[in-house]
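Structure record follows, encoded as structure tokens.
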Amino acid sequence: MKETVVVQHIERADQAVIDGLAECGVATVHEALGRVGLLAHYLRPIQQDKSVAGSAITISGAAGDNWMMHVAIEQCQPGDIMVFAPTSPSIHGFFGDLLATSAQSRGVVGLIIDGGVRDTRDLRQMEFPVWSKAVFAEGTIKETVGSVNVPLVCADELVYPGDVVVADDDGVVVVRREQAAAVLEKARARMALEESKRVRMANGELGLDIYDMRGRLQDKGLKYV
Amino acid sequence: MKETVVVQHIERADQAVIDGLAECGVATVHEALGRVGLLAHYLRPIQQDKSVAGSAITISGAAGDNWMMHVAIEQCQPGDIMVFAPTSPSIHGFFGDLLATSAQSRGVVGLIIDGGVRDTRDLRQMEFPVWSKAVFAEGTIKETVGSVNVPLVCADELVYPGDVVVADDDGVVVVRREQAAAVLEKARARMALEESKRVRMANGELGLDIYDMRGRLQDKGLKYV
Amino acid sequence: MKETVVVQHIERADQAVIDGLAECGVATVHEALGRVGLLAHYLRPIQQDKSVAGSAITISGAAGDNWMMHVAIEQCQPGDIMVFAPTSPSIHGFFGDLLATSAQSRGVVGLIIDGGVRDTRDLRQMEFPVWSKAVFAEGTIKETVGSVNVPLVCADELVYPGDVVVADDDGVVVVRREQAAAVLEKARARMALEESKRVRMANGELGLDIYDMRGRLQDKGLKYV
Amino acid sequence: MKETVVVQHIERADQAVIDGLAECGVATVHEALGRVGLLAHYLRPIQQDKSVAGSAITISGAAGDNWMMHVAIEQCQPGDIMVFAPTSPSIHGFFGDLLATSAQSRGVVGLIIDGGVRDTRDLRQMEFPVWSKAVFAEGTIKETVGSVNVPLVCADELVYPGDVVVADDDGVVVVRREQAAAVLEKARARMALEESKRVRMANGELGLDIYDMRGRLQDKGLKYV
Amino acid sequence: MKETVVVQHIERADQAVIDGLAECGVATVHEALGRVGLLAHYLRPIQQDKSVAGSAITISGAAGDNWMMHVAIEQCQPGDIMVFAPTSPSIHGFFGDLLATSAQSRGVVGLIIDGGVRDTRDLRQMEFPVWSKAVFAEGTIKETVGSVNVPLVCADELVYPGDVVVADDDGVVVVRREQAAAVLEKARARMALEESKRVRMANGELGLDIYDMRGRLQDKGLKYV
Amino acid sequence: MKETVVVQHIERADQAVIDGLAECGVATVHEALGRVGLLAHYLRPIQQDKSVAGSAITISGAAGDNWMMHVAIEQCQPGDIMVFAPTSPSIHGFFGDLLATSAQSRGVVGLIIDGGVRDTRDLRQMEFPVWSKAVFAEGTIKETVGSVNVPLVCADELVYPGDVVVADDDGVVVVRREQAAAVLEKARARMALEESKRVRMANGELGLDIYDMRGRLQDKGLKYV
């Protein structure tokens, strides 16, 4: 029933849109999306203060088997981000400095992995960002073939190849390729709106007043004593 | 049965005492308290090497609902620390850079939250420290009213409004307001005692001798072979 | 049935071998061992970008009781690494800056602990590295005697006194003392091999070609579409 | 700072009220309370299909130390339920068949424990119900004194001595003693209301119509396609 | 970006095929699928020794909000199974005996929920089977609209409306509707094959001989000592 | 470095001793051992009210690979218990009804597995008891050879082939083969002692008096108020 395929040609979003989404960051993009698209919170960055976005190259492989990583790298273009999900739970160290060297030479901007990663110090030094479920040195085998660029579930969220994946210190969010431009527009509008509020708040104005909340709080029965 | 209230006037400990407790740090204060008062270890800081203490403004809100954060900020004074506990488990991102801007403008020194936080990079850049259960960008709603400045359980520990909350890289500890001065005295005595031991240990003297443990170890049956 | 002993004389591996293993790092040593020896991934460093190796001084103590730490330090020599496992699960803060001062004065290079640690900021400032299951300030007692330098299970892995323990950002691996020299040789050979591949990959050559994987992928049924 | 006391005289709710709350069950009582009072969901019963309620005898003891269990049993009366919380996280087997025999001879109706329990088969055969965080045979010591009948936090919830604790297959809920009678009244009203709805639903009527939800769904923008 | 819709007409697999898959059970169906399709192992049944299969009615709702359950029940036909996933992690008790009464009156055969359930004793007595992430009595609200019969991710696995969901003591597996008949055929073939092996094994024949493994083990280097 | 061997001849404890230990149960044996020997509490039985003991056949296999199960069964004799530990964390379903049929035909009395199990309903019906880390239907492969009857760490505890493993509703404990007879003697003495106390407690005598604890409690500062 299960097929193992490599889809070689995928559509990608406009690079300017992708770069714009990286600037907006995960929380803002998630809000612009209508509060969907977040991958599970257990995906954590191995580095700090890094924000990236890229076109998803999706990779489905067996637990403890990183063979498809090599297959996937060939399909990558500059600006892509690798998204790996094992077919059953696994925290093996699927990815390390050698694969990162190869990926970086293709212009890959990062890795999202619902599994483990190793050589984390090297990866930080190389400035190759990773969001993973675990850091673990456990070695992997190359026995079972999987698929590249098929829709898959990574950390509880569905990702299609070519979707825009945005990742920063807050986690990872996925934006459907066709919606990317519209989402960017909304995200920027939200940022502008937030900026004006930030100024007012920095000056001591309260959210209670900025958002005109006092009446509704009273209606809901909140008592001040 | 459940009431939703905002208590507007709370007692606070002396600021000099609060500052003193921050200097002592969590482990020392916990020992001075007789080894009680620690919030659960799953509360982790989003920043490193930061130690704060403040008067607790307690906030009880619904899961996935951050409305009471806005209500609470109005009750804050310089030197306060916000302590948020949802009424049922939730890792939503209840707090981000906008709320932090507002809180910081009121002089709030940090946030303890038994839930999620987002915009963590911004928060670090603003030097607004947070100890949270999770980092997660998931958005929240403003539908359900809760309470501010009522006693609540945060991360397994009871916190009263006006209690002194101390937080550093080791976690979070709470000191009852009325005990704060006495605890500070004990904590400082302990630090002085530790300092003398540190010097002896740095010079190679063993704890076995400094604490005179050898006889008791022998009595308990420890054998050297 | 259970004995509590301190074994005073243990064999250690050659220091040059130990230093060599530290340079190779956890992932490489684990591979050179034939993919065994890793301690559980939940042991995490409290610091970043630090790699150490040492001869294991093993310490078995009761949950919430750090008495044997003091006993163990007397048995330590320069270049040793302390390996502590409680006899039942415990995340108490078994170790802090005072014990670290004492251990460091004996030349101990670090601590591996299947439990909690505290005073983490001080430990980082002292440059005393720790890999632990938790950071928690909870105090410990000194009531129950345990053992030093007996074989024990730490974080799912058997460690003998005198084994070489290597730890870095990826976690912790243990090498049997008698195998240490041979493992170092294999690890260095692996590093040399990896270096040549790194150069090729950095130049854009693919793992698919370097490892000659295309035929085997085809045999296993992988389809390109 | 910490005191260790046994409070010998506590107030209890009316037994008929307690029995009534047991009949209503945890979910209904939680609703009648306004959706508060639940202990953390990780407390699970060791038996099935058992519902009890009792007056809380609260017990605070050290991690891995069950001494205060013996102290507490002397304070128990028929209809009481023991509520144990260790002062730091611990899954030791604090309670087994001997203590249950003793407790049962005093008329204790069950145990709620934010820790471990053992001899679970015997406990089921004795029909002594337990809700615990873990099942674990690990033995405990009797070294540290704690307190009986002081307010404490058990599994994230504050419990006062004499509060009514209700437990069944869904978990555990606590009702303040003074509110018990009023809560029972509300709970019974709720049950009556639910019964009428159950009949309508069993006959195929939909919640959408019984609760008149269709208009509000439409107002919120739900589309049928 | 996010739409909230109720898809009223979905395709379902043949009931005889669905019933056949229920008989085969989760492990066999998973194997017949080529080892895919399992929902995360943390979904556990509240009952024992029950095996069901049904056509998936998928339900996407907000954390802590069970409004869409009511909406979904109207879309159910006899033989359907409800599959609920909250849009962010939540263990609230989304479902209890009233909803089960309503669902059962429509012929619904069970519930799969990546969240909490309550009234579990009643549900067992009603013989309404549930597989859930948690048992928790925490109440839910009815504020946010979601969707029914859209593709969603439940417990790490993608489920389409109308897919066949099989659940038993081992967990939950999903079969695409279009593949259901072919999978059943494979599953039955596997069962027949297993039956013949079971007889041989019951008679003492070894898997080593039945599967002719000895040569391959020797080739891989296994030594008997 | 790693060898893969099958050790064909192991020593076993006397069957009468093994049977005696099964009767004593896990908690009593653990106490008789001096409170050591427990496997991690996350190993849970798939059945209820079953107590077994057997001679350990230890099995070390790769994550997600159950090949060595077949190899191990050939080494089993009546009265043996299989103890499986994967070389890295894995919750795959390593064992099901077919393997159980084969094992049962050799007289194997149960399975302890630091991994997953499937076909749990069948296993209960066959009365083949299992203690596992997870129930999960995920299939395994047969690619990597491991070892049988070598010392290994299973669920945090070291097990030697031929050790006596005792398992019941409370969990799993391991007794060194050479100590088994002496431990049984201690365990029986403990049971006799407990029996006399049980009678006294059932008659309402308190542990405080039976164990003469009142003076020591007073010395430690416990106050009655």
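Going in written order, the chains are labelled A, B, C, D, E and F, and every chain counts its residues from 1.
We take it that a contact is a pair of C-beta atoms (placed from the backbone, for glycine too) under 8 Å apart; a residue touches a chain by one contact, two chains touch by 3 or more.
Only a predicted model underlies this, so the values are computations on that prediction, with no experimental measurement involved.
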{"item": "For chain C and chain D, chains touching each", "value": "B, F"}
{"item": "Shared interface partners, meaning chains that touch chain C and chain E", "value": "A, B, D, F"}
{"item": "Superposition rotation for chain A onto chain F, Cα-based, multiple of 5°", "value": "180"}
{"item": "Same or different residue numbers at the chain B/chain D copy interface, by half rule", "value": "same"}
{"item": "Inter-chain centre distance, chain C versus chain F - centres from mean C-alpha coordinates, in Å", "value": "28"}
{"item": "Chain centre separation (chain D, chain F; CA means) in Å", "value": "31"}
{"item": "Whole-Å separation of chain centres (CA-atom averages), chain B against chain E", "value": "43"}
{"item": "Multi-partner residues of chain B (at least 2 other chains)", "value": "35, 38, 41, 88-89, 91, 138, 144"}
{"item": "All touching chain pairs, where touch follows the definition stated at the start", "value": "A-B, A-C, A-E, A-F, B-C, B-D, B-E, C-D, C-F, D-E, D-F, E-F"}
{"item": "Of chain B, residues touching chain D in the complex", "value": "1-2, 32-36, 38, 40-41, 87-89, 151, 153, 156-158, 179, 182-183, 186"}
{"item": "Touching residues (chain side chain C, partner chain D) in the complex", "value": "62-64, 88-92, 138, 141, 143-144"}
{"item": "Contact footprint of chain C on chain B as seen in their complex", "value": "25-27, 30-31, 35, 38, 41, 44, 48-49, 51, 168-171, 173, 194, 197-198, 201-204, 206-208, 211, 213, 217, 220-225"}
{"item": "In the complex with chain B, residue positions of chain C that touch it", "value": "3-8, 67, 69-71, 73-74, 91, 93, 96-99, 101-102, 104-106, 116, 118-121, 124, 134-139, 142, 144-145"}
